[in-house]
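Each of the next two complexes has subunit A plus one more chain, namely subunit B in the first and subunit C in the second.
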Partner chain A sequence: MGQPMYRAFASALAVSASLFATQGWAQSDITIAMQLEPPHLDPTSAAAQAIDSVVYANVFEGLTRFMGDGSIVPGLAESWEISDDGKVYTFKLHEGVTFHDGTAMDAEDVKFSLDRARAEDSANAQKALFAGIEAVEVVDPLTVKVTLSEPDGNFLFNMAWGDAVIVAPESIENIKTNPVGTGAYKFGEWVQGDKIVLERNPDYWGEQPALEMATFKFISDPTAAFAAVMAEDVDVFTGFPAPENLPQFEADPRFQVLVGSTEGETILSTNNKQPPFDDVRVRQALAHAIDRQAIIDGAMFGYGTPIGTHFAPHHPAYVDLTGNSAYDPEKAKALLAEAGFADGFETTLHLPPPSYARRGGEIIAAQLAEVGIKAEIINVEWAQWLESVFKGKDFGLTIVSHTEPMDIGIYARPDYYFQYDKPEFQALMETLTKTTDPDERNKLLGDAQRMIAEDYVNGFLFQLAALSVAKAGVQGLWVNAPTAATDLSAITWAE
Partner chain B sequence: MSRNLILGACLSSLVVLAALISFVWTPYDHAALDIPAKLQPPDAQHWFGTDHFGRDMFSMIMVGARTSIAVALVAVGIGMALGVPLGLTAAARKGSWLDELIMRGNDLVFAFPSLVIAILITAVFGAGAINAIIAIGIFNIPVFARITRGAALSLWEREFIMAARVAGKGAARISAEHILPNVANLLIVQGTIQFSLGILAEAGLSYVGLGAQPPTPSWGRMLADAQTMVGIAPHLALIPGFAIILTVLGLNLMGDGLRDWLDPRIRVARA
Partner chain C sequence: MLRYSLKRLISLCLSLAVASVVIFAVIEVAPGDPASFMLGVNAQPDTLAALRAELGLDVPKHERYFNWVGGMLTGDFGTSYTYRTPVSDMIADRMWVSLPLALYALTLSTAIAFPAGIYAASRRGKPGDIAVMGATQLGIAVPNFWFAMMLVLIFAINLRLFNAGGFAGWEDGIWTGLHSLTLPAIALALPQAAILARVMRSALLDILGEDFMRTARAKGLSRRQALWRHGVRNALIPVLTIIGLQFSFLLAGAIIIEQVFYLPGLGRLVFQAISSRDLIVVESVVMLLVFAVIIVNFLVDLAYAAVDPRLRSRT
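Right, the complex of A and B next:
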């Protein structure tokens, strides 16, 4: 009885053994380190980028998704049709998609997710993404119709965000600790303060990825980060916090260094409502007092691209406006004198923990001192920064990187922490939202960039570089970071 | 005078001298950034090299000495100014409820790990040199109170104190006129040791970002900034490290030497 069974098993073994022999012992798991641990795992109810860094495209998927090059491709939606007036999107969903708990993903789940995100009491951090949605209708289990109040050229882009992923009503209650999505990886375990483990989902609707398991480790201290990579305790470190160490990794054949661009516009945020920064001449003086290249070289060891407005240089609509706020301390002094601050003034400079802020802040404080502005450095933790600067608006200056993609729209929100209130800009953003023609959109985006640059809303410093270190054998890592994500399905080990 | 005392005094005065000179002269402006000239190893132009912003390390060490000394000195001053009177009072009222209150209060402060409480104080009241001084100073109070009380207690048994009492002097006057001069040597020795501990504590607080805030240079923060750059520019960590070691070593040697030199018993034996 047992004999044939045994034989079948043995031949299976032989087959797999020969498979291994030809393929070599390709590693099937990976350990990826990052600096920040997510506060919880629900990307639809928090702004923390660390959540998306773990779950985006791995655990949760949206109707559309970002690729590593920044393009938008179909996700759970197989295809879509857009009505002639640009107001109605009819999404056709993939067939046979299930959540990790076995329940089917259908049009009802899409309606649930979108309605939940745009609800009055929604905790979604990017409610603006859903503001244009008028109604979501289930046509049949695999077809969903989204009606917008106005045509929105950005709608498919909006739906690719981590904040717009599809969740299920069955598992929503415990989503923060036990995320259940449709992705190629399911949640394994979370050891708080240490790591999160994701396991391959054998029932994934799409192509099976190469890696069976991925461990995300959280190492906040730059020195420990360096040690962990050097000791080969981790295979990849995304968002490596100490740029000064990268030349050492580059010189080491065991490692590869990936230098790309993020969507992070790093700016000297200025409280536009707080005197003397309510005077455009003072803000212009700030802009001319700052030597961007010195900040990039001193704080980031040369990694980063100077920007003259709040826009990513790799975007086709980018306008180079760095000349508008070129380093010119004499001009800065003259402007200050004109504004009645010939002897300078005192202000505060709040610095959150990342080195771009702490180191950049020391450099900026020294540069401002040269034109007579005495900026008192106040080092703060993130929680404190969110409380007093971002929510409380109790600051003069602060340095922060705005890492959301295409976020120039924040300048149309007068209650946003830097408090730029200009009706012309708000009108411009409204026009932009209604425009679907790409050329026309780019032209409007150019106008918007110019307007905030000429109003010197903030000190525009540089585009934050995406710096990753990986073992030499890791392939398929995203070089750029069009959104916060670690796309595991693209990663393989070289043999 | 012992060799220890001479070596310790030399090292300590070197640091004090550097701090004093920094008020009138440093080779470069310690706060002037020169990014293109960053991370240069020590050479003829920059004796201690430059840091990650191209600032002159020698100038920073000189001005940093100022920060360290100022914080440690004021902290020891607080400890002495409050601790010594407390100790004298406790000794004068030996066994009373006041003695108990003072000494148990001291035990309470002593029971906490000093640096942890210092971190708590600076975290609650904000980071900065002033709060670091207060935090370190608080922990110097019981040290001086205990030492003073211990020495004063045995003095109270001595004949010349008896004589003073017979002469009708009150406890306060006796403490001030007879006890204090006789414990002064002890306090100077302890003060030196506490001063070195104060320098270490300031460096520790600055290292975790709770001491003097930028752009005020501080040895502890220089060490913290150097942390990720040890591999590419070791002098960034070695130089402030050595500055701390030599200062603390010098003060400790001086404290030891002073004790031997000032201790009446040894002095008598030597004579």
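Right, the complex of A and C next:
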């Protein structure tokens, strides 16, 4: 009797041991879903954020890089020296860095990448980042000297953008379909319309990440996104498109919900040159007619931080100016009467596809109607928006989230679509560019925020939230989105 | 038969030519510039001009039309603006999802509709008929994407029998591929089956009242024998028409279902291409779908002639 008993016990032990073994093995791959599929995989020749969401920091690296908290740290450049006049940056590159095709990454590649981005026929979507570069020189294989025409306090920040990553002349031809970078992950395969697979790069120069493989899946429909997470088909959904479903995930122990901040200032853009918006009193009336919290609650189900100017609230230089444009419909009506529009007026409200615009637009139109402004809602596709609103400037109002980091400089461009033309602001931005002292910069940034808030250039609504849903065991995801990226390097599975 | 086929063939070519002009004109007229869509709001004018030249968008419209048509005739569909890969490769990849899905859905829909329609016709006015008719009424009224969501809720989220979406590919074997297409195929098939079952039933009922059916009974065939030997075969003509239409619809009309199940098929390709103004992809895929619809109709026409000799003699 003892014998079979023992056997049963032993086999039970074996079973539980094997069970334990499979559980003890940390999962080494991950499936990450996002809404939009990249059009191609070259971050240096397109504006599509979806490209950076897959390749930034994973496949491609720049001289400097963003961290999850928004700070800028050394990337391929190990260190740098800035000349006293602030014009010459000498970068010391990491030794022993190779591209995924085995070729060495050296100063020539850096020169090639920067020169390519600023060339006349460059297809770089953020060419302005490189506009200040006068010359790029190779000092030795591991040293690059970049000379600027003017000192630029933003230069190291600019070099961290996905549009400034280092690419190699050997692999540039097929970069769109077969990206070859220096990152901890190399490109595996791309089933267009479905998924992109990245594999760990065993020859990575830095620390080896925990995950061996990552699969990016593209699910654009919000209902499908919900179903995919619920059915546990995907491990993480970044930029989750259906905020109304988040409470359900929060209540479910299988999942965690990450709520952070993006660089997206969501604004009611106003055509400053189109009457009656050329009158500051009308724009001020607009600002007081809007109840931000109602928009955040109604359109974003409570996710989002109110802003009173065009600046990210998590930035140290942020000034809270929401009081300047507090919700006050009576004041709005009085201002309209003062400007000669006691009976209100009619305008257009162009809404691009994202739900912050479509849902938010309905609420704003209703709030404007309260003070007598009849806004006719016109729903547009992005391509149409770019053509008629952005390029043609044929609009009264529109709602857009400006997702580029630190983009208050757009207010210094008089031909920019909302057409704010103020020499004082332009001068302020010029001073800012030349200033390298952090405290002085923050002070100038504060002045800039105040100036546009007091001119009521646009209706400042809220900072777009970064919403992600993940399985409970996933650790190391970015909560905030200082730039479009899915940094795989710190992601691990809880044991 | 030959003359009949030839006439059909000429009308097929004319339809294609007209379709190509209409498609090109409509898509080119739609507002939105592919280059500015790709480069976004911070693009500089010289960058945009460089990209437009690279994409060949600076060439006059009529020249682009002839390049496009000429290319298609030689099997060259051009290169996608956004993906920068040959359009023919992209279509071929997507075809491996859309075509099997359409065939799968069509098979399911016929497999449900034929027995249901025949059963209802043979039980006319009885509870069985009423039940089938009620169910088909529901099938027609409910949109397929709603069915899709219900299927996902029940079979993917609650029962965990299927994935909520996505396509597993054919590399791991045909069953893995079919398994991942099952829910979308059912969602597509149910409304189609409802329509088909009703057509089958009413066609059969028409036939059952014909003189030759009475003759068949008079010859001593049982109801059932007469129904199967003479009724069903003759009812096939209207049913075939509907199947032809449905196949075209299933191939071209799966856009919403492909979104709901995030399948990398033709519908999703068109959807993405339209929003990114990838004009050449939209034009080529729509042209291909038109071609498929016209070919299917051509084949159905030929099938009529095969089933019904009167059509051959008339022309």
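Here is the rule we go by: the second predicted complex is superposed on the first by the 472 of 495 C-alpha atoms of A that agree within 3 Å, B and C clash if a C-alpha of one lies under 4 Å from a C-alpha of the other, contacts with A are read in each partner's own complex, and residues count from 1 in each chain.
Throughout what follows, a contact is a pair of C-beta atoms (placed from the backbone, for glycine too) under 8 Å apart; a residue touches a chain by one contact, two chains touch by 3 or more.
Remember, predicted model here, so these are calculated numbers, not experimental data.
Participant: Do subunit B and subunit C fit side by side on subunit A in the superposed arrangement, or is it a clash?
Facilitator: Superposition check on subunit A shows subunit B and subunit C fit without a clash.
Participant: Once the shared chain is lined up, is A:223 touching subunit B (first), subunit C (second), both, or neither of them?
Facilitator: In the superposition, A:223 contacts both subunit B and subunit C.
Participant: Give one of first, second, both or neither to describe whether A:377 is in contact with subunit B, with subunit C, with both, or with none.
Facilitator: After superposing on A, A:377 lies in contact with subunit B but is clear of subunit C.
Participant: So, does A:298 touch the first partner subunit B, the second partner subunit C, both, or neither?
Facilitator: The first partner, subunit B, only.
Participant: Return first, second, both or neither, reflecting whether A:192 touches subunit B, subunit C, both chains, or no partner chain.
Facilitator: Once the two structures are laid over each other on A, A:192 reaches subunit C alone.
Participant: Pick one for A:242: touches subunit B only (first), subunit C only (second), both, or neither.
Facilitator: Only subunit B; A:242 stays clear of subunit C.
Participant: Report for A:390: first if it touches subunit B alone, second if subunit C alone, otherwise both or neither.
Facilitator: The second partner, subunit C, only.
Participant: Where does A:366 make contact in the superposed view: on subunit B (first), on subunit C (second), on both, or on neither?
Facilitator: Touch partner of A:366: subunit B, not subunit C.
Participant: Have a look at where A:156 lands relative to subunit B and subunit C in the superposition and call it first, second, both or neither.
Facilitator: So A:156 meets neither subunit B nor subunit C here.
Participant: Once both structures are aligned on chain A, how many angstrom separate the closest C-alpha atoms of subunit B and subunit C?
Facilitator: 7
Participant: Once the two structures are superposed, pull the subunit A residues common to the subunit B and subunit C interfaces.
Facilitator: 223
Participant: Which positions of subunit B touch subunit A when the two form their complex?
Facilitator: That would be residues 31-33, 35-36, 38, 52-54, 127, 209, 213-215, 227-229, 231-232 of subunit B.
Participant: Quick one: which bits of subunit A touch subunit B in the complex? Just the residue numbers, please.
Facilitator: Against subunit B, the touching part of subunit A is residues 222-223, 226, 242, 244-245, 247-248, 294, 297-298, 359, 361-363, 365-367, 369, 377-379.
Participant: For the complex, give me every residue of subunit C touching subunit A.
Facilitator: 31-34, 36-44, 46-47, 50-51, 54, 82-85, 90, 93-94, 149, 152-153, 156-157, 160, 163-167, 169, 259-265, 268-269, 272, 274-277
Participant: In the complex of these two chains, what residues of subunit A are touching subunit C?
Facilitator: Answer in residue numbers: 37, 39-40, 46-48, 120-128, 176-177, 191-195, 217-221, 223-224, 227-228, 230-231, 233, 353, 381-384, 386-388, 390-391, 404.
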